[in-house]
Amino acid sequence: MLEYANPKRFMDLSGALLPWLGAVAALLLAVGLYLSFAAPPDYQQGDTVRIMFVHVPAAWIAMMAYGLMALASLVSLVNRHPLADVAAKSAAPFGALFTALALITGSLWGRPMWGTYWVWDARLTSFLILLFLYLGYIALWNAIEDETRAARACAILALVGVVNLPIIEFSVQWWSTLHQGESIVRAGGPLIAGVFLWPLFLMALGYTALFFTLLLLRMRTEILDRRVRTLALGRGR
Amino acid sequence: MSAWRALVMRDIRLATRAGGSAMLALAFFAAVAVLLPFGVGTDLKVLGRIAAGVLWVAAVLAALLALDRLFQADFEDGSLDLIALGPLPLEVVVLAKMTAHWLTTGLPLTILSPLMALLFGLEPRAYPALLASLAVGTLAISAIGGIGAGLTLSIRRGGLILPLLVLPLLSPAVIFGAGAVLAAIDGLPSAAMGLLAAFAFTAVVVSPFAAAAAVRLNLAG
Amino acid sequence: MSAWRALVMRDIRLATRAGGSAMLALAFFAAVAVLLPFGVGTDLKVLGRIAAGVLWVAAVLAALLALDRLFQADFEDGSLDLIALGPLPLEVVVLAKMTAHWLTTGLPLTILSPLMALLFGLEPRAYPALLASLAVGTLAISAIGGIGAGLTLSIRRGGLILPLLVLPLLSPAVIFGAGAVLAAIDGLPSAAMGLLAAFAFTAVVVSPFAAAAAVRLNLAG
Amino acid sequence: MAALASLEIENLACVRGGRLVFRGLGARVEGGGLLTVEGANGSGKTSLLRLIAGLSMPQQGTVRLRTNGGGEIAEPEDRARHIGWLGHQDGVKRQLTPLEQLRFFAEFYGGTADEEATLSRVGLSTARDLPIQYLSAGQKKRLALARLQVSGRPLWLLDEPLAALDVEGKSLVADLIGAHCAAGGIAVAATHESLGIACERLHLA
Amino acid sequence: MAALASLEIENLACVRGGRLVFRGLGARVEGGGLLTVEGANGSGKTSLLRLIAGLSMPQQGTVRLRTNGGGEIAEPEDRARHIGWLGHQDGVKRQLTPLEQLRFFAEFYGGTADEEATLSRVGLSTARDLPIQYLSAGQKKRLALARLQVSGRPLWLLDEPLAALDVEGKSLVADLIGAHCAAGGIAVAATHESLGIACERLHLA
């Protein structure tokens, strides 16, 4: 694992991988979207059910991204590896993006389903807090000029903030909420019909591929930026 | 004029740079507004009722926090001496700093407020009143806050004493501002908006002189 | 031990001196609590209902304001270097500072809270829950806030970024704390108090390590 | 730079924190002259410079500038517009790069200097786009020196201009002051070290 | 004061903000010795002192202390307990009087010094109960000197110890360092001026 963590190796490898990953993301999203619209309207929810295919994977990716960021932070603190910093830093904006997407689609869905854009229920609220965690993380990165210092400070923050993940995940069990309980990934099999499950599955894969495409792109620019900056610093003295 | 522009631009740049106050004031505003329903309970009917008050208080606090170092950072590192010796009268310097403060906090707070109001389920017809009252009211906050910032300049831990000085002075703004929104919720006519505007106007006219006097006093110390 | 005592005493002295944070945190707490009814309207039934939430949020903000410069003042004037080279491990130094912070803000806030609750017309039977939840919850605020203060040490305008980092982490404390009071108002049994205690305990145990790591990294920069 | 005929200090008394720091102080510097202020720690050098700048007010006595045209400037507000200040603190903003800071001051003071040339003159050309916190103590001082030049003001007030500078930096300060005075400017410097140029001396007891 | 046998620096490299400041640095100071670190602005004097103190970590290389008993101290945390620090910033609290600050540091560092005698030694006896903000730059520096003495630590690290001091203050610093070394202590001083006592020199390019 660590041998791929050499920035040079990473640049070569990611450069080769990116086009493929991008293509896979596009393909999955295209098929997933087609199936989403091909699926029959839900007998209760009508056409609004289609929001699910955008909403649920976005929420998943948003949480996965935080997990990834925390993991990279741990590696960065323990092994002091610059690539882990870059990964964590690059994941944050997209995590925030998907969080915002899930929030927006969720509240658009809430209007027909619950009659309001927003309720202060445990899952929604804890998810909103996730957005703030991302924003705080990004703000801290921007606020500390020194690169290594910023990386380590942010790593500490990301690890401390990890406590929120289980709260989001289990909020539906711990508190009675308006929001849907576990209905897809649950012990005893999904509660959803196959016609909805397939597009959802494809969309989830597509979102994942999209996320990693964006992540790799961002990491590459970040690494190039750092090289330029180091050169500039080397001249300044 | 170009000196004035240079100063305002510098302060805006400092506020929007890394660790600057503009984005953060926004985030703080949102965070406080979000925190409250935790404690208050999540009944949208209650929340819609208290939305105006909560948003107003959150806006005042966010703007105040950004005010804290309006002059103090410049005072501590010696920049304020240099600025005081510049071509502008201190009253104008102070006004430039208040302007930059409003542009980087009051204005963005106002723009963000409808989104927050949505979370609280504020009556739709009260939105114009919310926007108008915040736009005008934050002017008063920047102006009166500037006096406080000038007075607390030489106090290292000014961060806390500042709200204490300024909050009582600002309470009319909160009363009129939130009052205007409450009246709009009920669809009642109200003089609150007019009173708020008069209050803000007075504050903007008087504050530069008071704040400049306070700053001058601290420089001489 | 005498080094620990010296440090705690010094921080308490700094906090209670002129311009210090202790009295001011109290005043801020009171000011926010008083300001809010202006915006919300003065219906005691509504106020009694939101009292717990408002007091909790005001307490969190007041404590946070005092946290801002927990390490930063010492960092900027070079004292922190001297303290880091002292006989205590940095984790213990950090714990001492958190302790002093709690003694000068959390504790007085808790003691003042019944008075504020009286103004809001809080149900009498909820007073014990309010006191207990604030006493325990402010421990968590001092601890988690210490992490935020450590992380933002080297940021000049850290005053605003700190709440942004810390408020999301503190939201469970507000939920449980205000929840305990709300349950007490209704005379219902509730697990909130237990959850709050567990949360605070974890925070107090984990925070010194995280905060010390943050401080160390800023010193090394 | 509007040249000055002289700086005149008469019977000046300074009180700080209720305590008399000095009194009956007089001095006169002609255009092109340099006055160094010496004295033990706490004797009032910094306080004197702030009085001359008009940043604080004397207990008693006057500070006066005369322009070459024969005009007299006694009001502190008017005096302020003639002063180039190099304080004890470096007045440097962390969030801005050296070039940005200098540009701001040039625009604010209405100077017409070439900022980049000034930066390279003080030895900061390679550091011009670095974040300030990457600068060492001496490098920050050099930035303050650059700012002083950009101000284009005729009366320089310098508080310990040599502090934190290396040997080459100290001779740079001497050169800058020399050039300033040669152009008809006046400089007053509070210092514990010799500047290495000809000057009048004022000793505070 | 636990006397030290030596301070050894081997092959030290320092990187700040991603940039190499120096590398391959070596030095050795015996007990009772004084090392002065010289070099241009930005050459890394302050950075070197922070590395020796263990406040920051070197990119490469080691710093080691040897005690008279023959023990070796390489861990930064242990090394920290032997260091008396006089930084660039004065580390002075506005809200406390000189005496209060000194008392705190004596208690915190576990020293046994007589605080009032130390204050009068550095010339602050009349200022001991004044609010700090009434002190001039040099007076604050003197307070920092008093604190250094009170620390009772055997390895002194001094960053520009002469800055802001008057002539008498400078000779006071030389005396204090002399006495410290005579008692078996070690001192490392980064400075742009000569201290006026015999020393080894390290020049950073």
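As written, the chain order gives the labels A, B, C, D and E, with residue 1 at the start of each chain.
Basically, contacts are C-beta pairs under 8 Å (C-beta built on N, C-alpha and C of every residue); 3 or more make two chains touch, one makes a residue touch a chain.
No experiment lies behind these values; they were computed from the predicted model shown.
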{"item": "Shortest chain-hopping distance from subunit A out to subunit B", "value": "1"}
{"item": "Pair joined by more contacting C-beta pairs (C-E or A-E)", "value": "C-E"}
{"item": "Per Cα centroids, the chain farthest from subunit C", "value": "D"}
{"item": "Centroid comparison with subunit B (C-alpha atoms), farthest chain", "value": "E"}
{"item": "Between subunit B and subunit D, centroid-to-centroid distance (C-alpha), Å", "value": "36"}
{"item": "Length of the line joining the C-alpha centres of subunit A and subunit E, rounded to whole Å", "value": "50"}
{"item": "Separation of mean Cα positions, subunit E and subunit B [Å, integer]", "value": "45"}
{"item": "In subunit B, residues with contacts to at least two other chains", "value": "18-20, 24, 27, 31, 37-38, 156"}
{"item": "For subunit D, residues that touch 2 or more chains besides their own", "value": "88, 94-95, 127, 130-131, 133-134"}
{"item": "Shared-contact residues (touching 2 or more other chains) in subunit A", "value": "125, 129, 132, 135-136, 139, 143-146, 148, 233, 236-237"}
{"item": "In the complex, subunit E residues that touch subunit A", "value": "17-20, 42"}
{"item": "Subunit C contact footprint on subunit E (complex, rising order)", "value": "53, 55-57, 77, 80-81, 83, 85, 87-93, 95-96, 100, 104-105, 107-110, 147"}
{"item": "Residues of subunit D touching subunit A in the complex", "value": "94, 126-131, 133-134"}
{"item": "Subunit B - residues contacting subunit A, complex", "value": "18-19, 23-24, 27, 30-31, 34, 37-38, 42, 44, 47, 118-119, 121"}
{"item": "Contact set on subunit B toward subunit C in their complex", "value": "19-21, 24-25, 27-28, 31-32, 35-41, 46, 49-50, 52-54, 56-57, 60-62, 65-66, 68-69, 73, 155-161, 163-164, 167-168, 171, 174-175, 177-178, 182"}
